[in-house]
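Look at the two complexes coming up: chain A is in both, with chain B in one and chain C in the other.
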Partner chain A sequence: MNTTEWFGIAAALLIGLGLFGVITHPMLLRKILAFNLVGTGVFLLFGVIARRGAAAGIDGDPVPHAFVITGIVVAFSASALAVTMALKLKSDTGESTFPDDPPADAPDPAAPPRP
Partner chain B sequence: MMHTLHSLLETASRPHGGGDLLVLAILLPIVALLLIVLTGGRFGRAITLASLVPGLFITGAIAHRVWTTRTALVERVGGWEPPLGLMLRADGLSVLMLVTTALLVAAVALYAPRDFRVPAGAPETRTSLVFWVMLLAIWASLNSIFLGHDLFNLYVALELIAFAAIPLVYLEGKKGTVMAGLRYLLFALMGSMLYLLGTALLYSHYGTMDLTRLAAAVNRDWVVALSVALMTVGLMAKTALFPMHLWLPPAHSGATPAASALLSALVVKGSFFLILRIWFDLAPAFTGTPGAQAVGVLGAGAVLICGVLAVRQTRLKLLIAYSTAAQIGYLFLIFPLAKGAGFERALSGGVFHILSHGFAKASMFMTAGMIVAACGHDRLAELRGVMKTMPVATIAFVLAALSLVGVPPTGGFIAKGQLLSSAVLSAQWPWVVVILAGGLLTGAYMFRALSSCISPAPLSFQPLAPVSRIREWLVLALAVIALWIGMFPGVTTRTLEIGRPAPLEARP
Partner chain C sequence: MNRVAFRCLHGLVIAVLAGLAYLLARAVLALDPDGRGLSDTVTSAMPESGVLHPLTAVLLNFRGYDTLLEIAVLLVAVLAVWSLEPPAAPCSRVLQEPAHRNPVLLVGLGVMVPMIAMTAGYFVWVGAYRPGGAFQGGALLGAIGVMLASTGVLPPSIRRTIRLRLATTIGFAVFLLVALLTSLWSGTLLTYPKAWAGLIILAIETALALSIGVSLALLFMAAADRATVHREDAP
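Moving on to the complex of A and B:
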């Protein structure tokens, strides 16, 4: 087994761990971190693809690098948005976890806005 | 402004080319939203309404060009050829979606000002700035989904839609909406990561992200099957297909009415459009396979289970939101149905459903917004007689409900008829039962919504605020479009044919 393959396996493990975390942890911050783990795994996979060379067989294919750079920017801003919303939720309601049961009832439009 | 219009007219009248129209369709809303960011929310309404004129004109010009030449309009951005360059391509399917989006964005922009007005002299509000910016951002990102022809480019557009749609969910900061928005965000993020993983696998095998090149290259092997599965599951989470629909009802029903209309009618269709592209353009060999049957089972689950949940709701906006989750199910029935002789019928049935559900649902959420404005709440049991104060909107609500149920001659009837006939043509009888049972459930919850709004008013009923006549005619116009789609189905089917890949008899 060569180094590239080991990195490929590492990417798969990261994606698996992250998926597990997103699904099982009720804590918001952990979910956001787990999402980043999945993202890291996918980006690492792009790195592996670049190193191995895609269909064209170029060693060190630059196109996946461009994908990763764009992907990191998108995932970073997504995490920033998610953390901001989690902070707002905490300051509004004091909650930092998802409720166990699915939302049976949505917010009542008649309810007054929170100060 | 005049200069821009003039150069637009010139572009549109040129016999060849016209591909820059596709760039303009994406660029114009972005320019308008940057102008709003620069000048502040006070001018949001004026700038948005002003951008509708060239926006509708560009959409019309693209539609006219594609319709008259009967070929897809193609633009290689910056003159770069794929696989390195990005291609934009408008085929008949894109044109239908572009026109629907432009009309619905225009309707929302005309409906919303009452809720997001900044009176002269009053301090500017954050909500009006965010609303107008995000409305235009949704328009731009949907247009780039409909025109994109590169899987990675489409990934970026997908993320943009989520970032533009989610702030609209908790715009007013009502209780519980931040939680609904966060739930939506997490589903959307995981969805796009799975989609990205699928594209990574495809790239590693074929070395391109361009849809045409991939479609020509893909085999029916396990790598393609795995990537199609990953991308489809990711996009299902974003489209809120059962059992990943949990985020949709609180998010769509908690948002402000104009935003609910946009989220339910358009935003979920953006990610579904990508599933269509993947299954029908990229890898048509997979429709009708056991994998597609599994997708159809989830669709049937949505139609039946979310339909029952919709019947059991006690609040109007939640009922409409669950109805969206149920109607989305029909869209996923087309993948098992698109088999052999039923292939084209399934596709056109799905497209008819996207269009007519879009207009009917937008009309319905906007009417619900007017009802909440008149009563101050949307509890079904206490809505008696509210419709007496808005006769035109009542007609609109009934028309939209008929279209959702699928009563002739509405667009919903054509959609369900096409799905049924494709089930018969491909001899898949269980799906016939699902489609018919779904129609009965839709009838049940729509009757429930209508009967409580239309029943006679208590003598004491007085609306909290005068009913806006502009809004009434607006919701009627949307419902009439849903009807028109069904009365002149030829326009849609003739447009849909343009630029489709070669007939599928050639498929193995």
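Moving on to the complex of A and C:
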């Protein structure tokens, strides 16, 4: 196992953890953060893929590198848009969480809805 | 949904994602460690690129189309954020005081902002033969905007003047103009004439860095503005 391979495993873990957050957390901000975790994993994955090109005598395969560089800026702008929309939702509805189906410790369905 | 079903669903999600992560890790480990990817293709085409650094050559020349669309995405993000109507009331109570009340902050900004601006310019210029370029320079310019906005030097709800709009669009505009001219001249999109390639890339990168910096700062400010109570009349 060399360093590059460990980075590859870390990238796979980050993507798995991030997707877990995107799927399970009802809070919008947490979803955005988790999505950024997925993005970080993808960037790391591209770094690992680029590293293979080092055999050619340059730092790495420049094509995946270029994808990451543009990708970081796009990820930032997408996150900023998502945060702005979440804040807009918060100011319009007072909620920044998806209405989730709470587990059994929640009151029974006949009870009045939470304020 | 009862607790047991919720737990089961949770477990299922964990199992599926653990499987996905395992497959991804296996796929990465299965890559040929001595593979060369596209390095050889890029290296052999470098003399035609007009620059000496392979990354800049890929970004602005070989795969310029990707970068053109990327700057378009950035512009669309700014337009989308602007098109959401301004907040009626701030969403959370983050108090912001103007920087002119804090002399240490002002002196610090006075030192740092010019240094960062200079470094951004250096990054754009050095991208021709070293790591650097429009995105790194633009990110630094964006950092200046974030600093000025979060210290209250820039007005919280910045006025969308024609100059600001021009700065936001100039990167995409210059890139699109180059694409149009090259497609008229050589018949293919973004195929630069070899003798002019270096100059064209520098022109695009300069415009791109400005637009990226302004766009990143505007995106930050739009989100921050929604979450901030501005206190101009603080004691």
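Just so it is clear, the second predicted complex is superposed on the first by the 94 of 115 C-alpha atoms of A that agree within 3 Å, B and C clash if a C-alpha of one lies under 4 Å from a C-alpha of the other, contacts with A are read in each partner's own complex, and residues count from 1 in each chain.
Here is the rule we use: a contact is a pair of C-beta atoms (placed from the backbone, for glycine too) under 8 Å apart; a residue touches a chain by one contact, two chains touch by 3 or more.
Owing to the predicted nature of the structure, the values given are computational and were not obtained by experimental measurement.
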item: First, second, both or neither for A:I49, with chain B first and chain C second; value: both
item: Touched partner set for A:T70, first chain B, second chain C, both or neither; value: both
item: Partner chain(s) touched by A:F98 [first = chain B, second = chain C, both, neither]; value: first
item: Touching partner for A:F35 - first (chain B), second (chain C), both, neither; value: first
item: Partner chain(s) touched by A:A80 [first = chain B, second = chain C, both, neither]; value: second
item: Touching partner for A:T24 - first (chain B), second (chain C), both, neither; value: second
item: Chain A positions touched by chain B in one structure and by chain C in the second; value: 15, 19, 45, 49, 52, 54-56, 61, 63-64, 67, 70, 74, 77-78, 81, 85, 88, 103, 105
item: Residues of chain A defined as touching chain B within the complex; value: 15, 19, 22, 28, 31-32, 35, 38-39, 42, 45-46, 49, 52, 54-56, 61, 63-64, 67, 70-71, 74-75, 77-78, 81-82, 85-86, 88-89, 92-93, 95, 98, 102-103, 105-111, 113-114
item: Residues of chain A touching chain C in the complex; value: 2, 4-5, 8-9, 11-13, 15-17, 19-20, 23-24, 45, 48-50, 52-67, 69-70, 72-74, 76-78, 80-81, 83-85, 87-88, 90-91, 101, 103-105
item: Footprint of chain A on chain B - complex, ascending; value: 83-84, 152, 155-156, 159, 162-163, 166, 170, 172-183, 185-186, 189-190, 193, 196-197, 200, 203-208, 246, 249-250, 253-254, 315, 317-318, 321, 372, 376-378
item: In the complex with chain A, residue positions of chain C that touch it; value: 1-4, 6-7, 10, 13-14, 17-18, 20-22, 24-25, 28-29, 31-40, 42-43, 54-55, 57-59, 62-63, 66-67, 70, 73-74, 77-78, 80-81, 84, 87-91, 131, 133, 135-136, 138-139, 212, 215-216, 219-220, 222-223, 226-227
